[in-house]
């Protein structure tokens, strides 16, 4: 059991929860969260928004019973964390674009921090640009502006329209599958398919790779979103 | 071995178990993932992912859905095939100090026989014959509904299988007691029950079934009372041992199954509540026995008339 | 009658219902108690407490037990007998503007026939023949497990019964689809399903079954996915109307059953969550239809393949 | 939905909850309480401890999942009440003994108040004596002393030993069935069987008399504890 430090409502459906946690997560990883004893049966996989070795933060959208329960938690309440789980975005250098839609912005706060920290050491002068797409109200853009070099926000349109893949060495995406597929196709047209990494989402049960309910088809055969993913090469997912 | 260990020690069809708690097939892979979380040698055994003679990539679409007190799954026997299992997983499992139960499924009689023959050449503790998977279009549960069909599969597998043979029964069987008796008649060394209940969920927005395969398998605490009744009925009817399965999430649940007549129990959906839930169940059974001066679970097995 | 009413209006075996929501037998007495809480004429109908030819005082011991997402009951058909019902309850029910479904059970063939004959002389809308009560030692569910036995009861009741006849099926039937077809063959006007699932709970301190009758009937949201699957299977297999029952507690559940093929639904355990839950379900179905421009529930009935 | 005013822990297992409620209850009645949406499926029948037309109070012992949830509720939380339900103790006059064991003390706070109020109007000088038995720690005895004429407390023994049935015109009992049966037998020996009323307890589902899961055998045939009871004549229950 871990102690909740804060759980703030950011907008109608979005919340950010900060929890005491000594494990450090890598960008793109997730935890299985549980704030009830038996029901609902399944814990909920939630992306890491931030992690500093002493606390971990989650940005989550209320979409069902589990996240509804999370939204009612208060500081000092207990929550069970299992993680960090899954694969992370690769630690790359150069010009990097992070493209997110909706709740997909969650992993890119930590991603920006970790990429910049690494780059400051190894390659001063390199760049992390964020592209954030929202259907209605933008979220946390000020926070993101503090960490990224450039932040482009699109509301109600297609965030994929905003990016020129040719300008980047690496492109990471997280959001609705249609958005990630459109981005991948755009990159492919400009010969940049190999630059793309995507973070997949799926319903999960065990969260650790044992039960196969979150399997996805990839060019390398079935993969477990929870264990082999959630981060995959775009080519592996979209070239079947 | 301590006294505490002794109170949990059991035997199933001649195979010794250090305790009666086994992870259920399909919920624990081949044990590697849980072993990263706790030492799975603390378990009585593990029944690994259901195998078919050839690899299968499983079902399309949504594979898991929550229900009241349970979950539905439609994995559809995604597995590396018997050969893949033997190459990649078997030695590792055999190197562990726990009972290695290998679950075998199939979509045709030839498939079952082929798989059983392949497994004849290797070491394993118990072969669990899965005639109860509801999530494949051909085979699977079709072999576990009618007593005569089940009898024929068990007879033919028994004829070729050199291992201890435990048949995993479906709660969708027309007459689970008669079917269990048929397994006993045909030489099964034990039965395990129950697999998942054939069930349905409809997406009222899309106006279609949630699952590509229309139906899926329901498991979890929701169905525990039905599973317990079936274990009780079957244990009273056969002389071979029964492994109880169905929504066990607490030591109390496990003790209920043992009192209903189970020699061991499997934990399936419960692993998703907490990957180390089986350890709590083991510790809880032990405390229960200790507090009441019960020297071994055999003393309470089947005590409920 | 308003447009909104029209979208909920339905018909079952020729009997018009103002809406498809019915209170399930055994959970609502004869309607009087709920009528103190809300006007039960807002319901489509009520299926009153299961009757036997003679009064019964029901089972001893614990009669209700909570389970994960459900409850088990072992009331054992406590009822005033057909004559007591006719004397004390029937006129009141017939005076209400809702469909009056009378549920008849029995512990022997003679019992069923006697009850049906007594009811021939009175007015009622539908006779629901209960061959699925798991809580009586003799009869009840015993008539609803094997297709041939059920066929015989339905044939003999059909021969004497002058009312619309709806057979209430047991989920413990060996083959519920074949059994439903047999009901249709023998002239039943409809089927309702499912009754409760035979289930068990053990008191691990007392080392005995919680229920005097060993097993009891499981109902509630826990079993909804199985009930829905059975309704879907049966509705695809027969041409007579199906009344869906099993763990309905929300309008969404009700719409699932209708999409699976039910012409009406019954709410049982849900009444214990909130005595006026049925009204929420009715309002919710109406909102669902209105929001999507669906003119009548008939448009979505059985739409899921 | 009703608003909780307070929910105080009185001892390890006992709590008293006060809820906004405009219905006035009679002594011995109960409400079905529910502080969750769907699970557990059943609401919990809880005796009325006090009722004043604006609020209702419940004294409850934590015995399972439902009462455990109640124990975690705080002021301002919502709870669903169905009631008041069931029969009440009869409005009698004269010398009245109220005999309770454990959680059975709950209905006798309101009973004392209502009996005394009635008596003050009609029969000044009459008497309500309380006999409270506890297995370990006494509970709320100061509160009870404020309303009753005499309060006799027994801890760890048999409260039935303390009472002389001959001294009373009416005897009401609430507590473990064995205690009530012993009291009834004692009264019967002194020819006072007809003076005894008892409050029964049983597992309930609907709470309103429709489902018959709480039926009890009485000399007048099966009765519904929730609707015909919980208060019955001792003779009806113990003379079968």
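Read from first to last, the chains carry the letters A, B, C and D; within each, the first residue is number 1.
Throughout what follows, a contact is a pair of C-beta atoms (placed from the backbone, for glycine too) under 8 Å apart; a residue touches a chain by one contact, two chains touch by 3 or more.
Bear in mind the structure is a predicted one, so any value in this text is a computation, not a measurement.
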Label-sorted list of chains bordering both subunit B and subunit C is A, D
Comparing A-C with C-D, the busier interface by C-beta pairs is C-D
Measuring from the mean C-alpha position of subunit C to the mean C-alpha position of subunit D, what distance in angstrom results? 36
Rounded to the nearest whole Å, what is the centre-to-centre distance of subunit A and subunit D, using the mean of the C-alpha atoms as each centre? 56
Using CA atom averages as chain centres, what separation in Å is found between subunit B and subunit D? 48
Listing for subunit D: what residues touch at least two other chains? 38-39
Which residues belonging to subunit B are in contact with no fewer than two other chains? 68-70, 220-221
Considering only which chains touch which, label the overall pattern as line, ring, star, complete or other. other
Please list, in label order, each pair of chains that touches. A-B, A-C, B-C, B-D, C-D
Residues on subunit B engaged by subunit D in the complex (per definition of touch): 68-69
So in the complex, which bits of subunit D are touching subunit B? 38-39
If you look only at subunit B, which of its residues touch subunit A in the complex? 26-29, 33-34, 36-37, 49, 57-58, 62-66, 68-71, 73, 75, 78, 220-221, 249, 269, 271-275
Hey, which residues of subunit B end up touching subunit C in the complex? 67-70, 72, 174-175, 197-202, 204, 207-209, 214-215, 218, 220-226, 228-229, 232, 247, 252, 255-256, 259-260, 288, 300, 303-305
Subunit B partner contacts - residues on subunit A that touch it in the complex: 34, 38-43, 65, 80, 82, 203-215, 217, 221-222, 227
